[in-house]
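So, here's a batch of structures to check.
Next come two complexes, and both contain chain A; in the first it sits with chain B, in the second with chain C.
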Partner chain A sequence: MSRVLRVRLFWAAAAVFAVAFAAACTGLPRFGTLSHPYGARAIAAAFHQRTANTVSSVNFDQRAFDTLGEESILFAAVLGGLVLLRRARDERLGGVRRGRVLPATRLFGSVLLPITLLTGVYIVAHGQLSPGGGFQGGVILATGLHLAYVAADYGVLKAIRPLAVFDVADAVGAGAFVGLGLVGLAVGAAYLQNVLPLGTFGQLSSGGLVPVINAAVGLEVGSGVVVLLAGFLDQAVEINSPDEQDNRTGR
Partner chain B sequence: MSGTDAISEYLIAACLLLVTVTATVAALTRDPMRQALVLAMLGLGLTLLFTVLQAPDVALSQLGVGTAVTPLLIMLTVRKVRRSAVQRRDGERQR
Partner chain C sequence: MSTANLLPLGVAIPLLGAVVLVLVGRRLPRVVSDFLVTFWAAAEVADLMLLWMRTGDGHAVSWLGGWRLQHGESVGIVLVNDRIGIGLALLTAVLVLAVVAYSWRYFEEPPAGHAGTFPALILLFEAGMCGFALTGDLFNAFVFFELMGAVAYALTGFRIEDPRPLQGALAFGVINSLAAYCSLLGIGLLYARTGELGFAQIGQKLTGHRTDALLVTAFVLVLIGPLVKGAVAPFHFWLPDAHAVAPTPVCMLLSGAMVELGVYGAARIYWIVFSGPHGIPHHVFRDTFVVAGVITAVVGAVMCWQQRNLKRMLAFSTVSHVGLFLVGVALLTPEGTAGTALYVAGHAGAKAALFGVTGTLLDRYGSVDEHSLYGRGRELPFAGVLFVLGGLALAGLPPFGTALGKALAEHSAQSHAAWLPAVFVLASAATGAAVLRAGVRVFAGAGRRPRENHEVPETTGSGEEPEIRDPSRRVPLPMLAVPALLLCGSLALGLLPGIGRQLAQAAGLFTDRAGYVGAVYGYAHASAKPPAADWTAEGIALGLASAALAVVFAAAALWGAPRDAQSVVRPLRRLHSGHMGDYVSWLVVGIAVLLVAVRAQL
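And now, the complex of A and B:
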């Protein structure tokens, strides 16, 4: 297909899309109206399940099966990333140069590392009460850990990040979500149905299955992001591709 | 319309403008390293937008993934590719 034809085809498709999209947008409800049919029903259901954070109630109780699908996508994506980033047969490990870190950066990292990890745990644990949950808290935990790389060097990060443990934790978190669904089946209810005691509204232990699944998701997301970043970091910092080795021996 | 409603509408408009501008800049930036930084700014803009639209859960996810993890992955990839390219060029010069 020639270039002119391709450009013409693009403009024709873009024009059709623009007209159809504009027509579809006129049928949308107005921005910021007071009536939210789905929201009203979701909030009523969340109150009934004694889960203060309606978003968590939707994600991990009312539509937990959808979330299981999303978590599986994340798990598969991390797995695929690791397969692509693994050290190939012709790649060699090179030494990591120790970086120079400004004292202010070192202090910043040392102070913020524990605070960030604590924030991550807080957000995972309070998912059923306040904004956040396993996914958000897991990402904070995983990125917070990498402050060690910013404040010190790659060796320190590797020391506080035993990859074998995180590999297993990723799989255990994903498996725990699937397994927790079976609790419903075991007591004669539906898969992933919230059958645990619901507790008192607004308490840390409220929401039945919601905080438990949140913890499993936090474990999976946190470990998954850590091992994925480790794959990227190894390639960027430590692993030498064949062309880099040729050069090294040539020197 | 009460005063607070008007203020929040202005905030939403400002955030939408910020997101539009940073997204356009991100699309027009050609250097991947700079693009990663602009992408982080875009993530921050989206976080603000989600916050003023009263979606704090999504804002938190956006802050973690869009502002920290995605730009970091891009920068690490660029570093790996550039390291290979620079060393390949040096190697050819020596031969």
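And now, the complex of A and C:
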């Protein structure tokens, strides 16, 4: 197809799509009504399970099986990333050049790194009480670690980031979620049923299985993002493609 | 273990297996890790086999997390299925087991330091496909749809040394992700209207609304995901590009199970969510998707015949067959559904076997080009026999399972339109003939030596990297034994009368919306009488006719006068440009056409 034809075809079809979707939106419930069929049920169920954060209750208790799938997607994406970003036969490891870092940046990073990590742990641990949870906290943990790259250089990041450990932690987190589901089956309840003691509403230990699954997800997401970013960073910083090798040797 | 718990285990077992392989795979010698993955694949087959037997002629229902219905409403997810969905999951599990065995001596060089990654990805793929087949919840289906997508993109691009797999994986990923967004938009519309996510629950709530613009748009958008996964024209462009470059074991899964899951998803979602009162009327779905199926079957068959890259040829044959499957389920009859179920199972065996044999060629000669391999396969007579048998099975030679399934679907199609069986016969004959032509050329060196034609740009399939490193060794036993067993399976489906009857019974349930809803809501419902699923004289005759036609076509190509049909098919070939922008345009055009077509028929 020629470029003109392709673009015209696309816009003609997109116009039909837009009209249909706009017409569909007129059939949606009005904004600001009081009827929230699923929301009302989910809040009641979250209260019954003594989980203050209803979103966490939906994600890790009421519809935990969806989250198991989502978390497996991340696990698969990390493995897929490892496969696609591995060093090809014609790629060579180059040395990492030390970057120059402003003293202010270095200070900023050194101070914020532990604070960010602490925040990440807090967000993971309080998922059943307040906005946050394993996914959000895990991402904060992983980004916190990468402050080392910003504040120092790649060598320092590599030193505080033993990839083999994170690989294992990623898998352990993913496995823990699947395994926690089996607890329900072991005690004669349903798969992923919240069979742990529910605790007191509003306490850190409330919600039964919710904080435990949150911890597993936090571990998986944090390590998974580190491993995935490592794959990309290696490609960008350390690995030279054949063309680059040619350029460096001046051919 | 109760029947209900076998359903979530069908997802949990492969997930756990993947984790174990990632954890221990790199520390173990190859043999042990091969044994481990085989163990997990076999455990999944056992779980689903048990589920199949326990479910019998009813539904298996599992409320996850124990969130059962209270006052007719639930906040949780329900897995619910009959033997059609469970059978598809079982078929997937059996294929995975076959693929795992096939890969024992495959991939001598897994990613350094991550030896368990490839089998772990295969198991994750299995979890996604089985979850999609077993679930009774629209959003949950979307999640598993995404899981199988994410894994499939990575597996397609597995051989990173070559740019082609990466391009194929990219087209696959982009088109399927766009389709997933469409599905998600549609799910959002349905959720906003009903506040429900279960198939049955949405369907029940929708009966209280009119058939309006929201319903039509939601219907089309939700179905786009499965239709793209199912490679229905004009959403099929990604498939040949991905199949031609993916590692052979992955192709076996993509063609044998994943694509068919798209058709299953579209049919299941229509039946349970949209086919109720005030939904999308039967005649609209039937007329729209029978036409879409016929177009897909014809495009796939014509393109299949044109290919010289064996993997691309098999990929287009999958497109063609998927068109026939879509016609079969879109007839909305128990007989058409039963026939399609059998056809899918028989096709999976034959197609996976063909890919397997092609893998031995790639392994040995570093090429999948029909022309440059001319006569070189003479030293592999057994592989040649398997390849030709696979071609005949594709063409629908009785008593292969493909023939029985095709016969049932044709019989049902005939009562819809008298010319439809001709499409079945011609499409299966053309795809079978292409395989026979290539098989005889490669493995017997018969016919004229193919001329090189440099006027038309072609995907030849030569100059591929062999997927393993040592071409001088003998062909490893599993690489021929697995295709042989798969063909035997396809044969058994046609010969053992029990399987056909069980699937016919299940098809009766599949096409009975009230029965499915009753199973979810927990009230009994009298099931309809199952259709007959036995060989008939007419079915055998049509099967023999398409096999004979395939032989005639192949012989004409090999020994007949060379004919130049390029002027007719060149425009069609040009459409398969490999340009991502084209594919995206076609995706949007397809959506627009469906929106207009459905709206116009109301």
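The rule we apply is simple: the second predicted complex is superposed on the first by the 239 of 251 C-alpha atoms of A that agree within 3 Å, B and C clash if a C-alpha of one lies under 4 Å from a C-alpha of the other, contacts with A are read in each partner's own complex, and residues count from 1 in each chain.
Rule of thumb we're sticking to: a contact is a pair of C-beta atoms (placed from the backbone, for glycine too) under 8 Å apart; a residue touches a chain by one contact, two chains touch by 3 or more.
Keep in mind that this is a model prediction, so the values were computed, not measured.
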item	value
Which superposed partner A:Gly175 touches (first chain B, second chain C, both, neither)	second
Touching partner for A:Leu118 - first (chain B), second (chain C), both, neither	neither
Per-residue touch tally on chain A - higher for chain B or for chain C	C
Contacts of A:Tyr191 with chain B and chain C, given as first, second, both or neither	second
Partner chain in contact with A:Ala159 - chain B first, chain C second, else both or neither	neither
Shared chain A surface residues [contacts with chain B and with chain C]	none
List of chain C residues in touch with chain A within their complex	1, 4-5, 8-9, 11-12, 15-16, 18-20, 22-23, 62-67, 73, 75-77, 111-112, 114, 117-118, 120-121, 124, 127-128, 131, 139-140, 143-144, 146-147, 150-151, 153-155, 157-158, 160-161, 166, 169, 185, 189, 191-197, 212-218, 220, 574-575, 577, 579, 581-582, 584-585, 588-589, 591-593, 595-596, 599
Parts of chain A lying in touch with chain B, wherever the complex brings them together	53, 55-56, 123, 131-133, 135-136, 139-140, 142-143, 146, 225, 228-229, 232-233, 235-236, 241, 243-244, 246-248, 250-251
Residues of chain A defined as touching chain C within the complex	1, 3, 6-7, 9-10, 12-14, 16-17, 20-21, 23-29, 36-39, 41-42, 45, 58, 61-66, 68-70, 72-73, 75-77, 79-84, 86-90, 167-168, 170-172, 174-175, 178-179, 181-182, 184-185, 189-194
Chain B to chain A touching residues, read off their complex	56-57, 59-61, 64-65, 68-69, 72-73, 76-77, 79-80, 83-84, 87-88, 90-91, 94-95
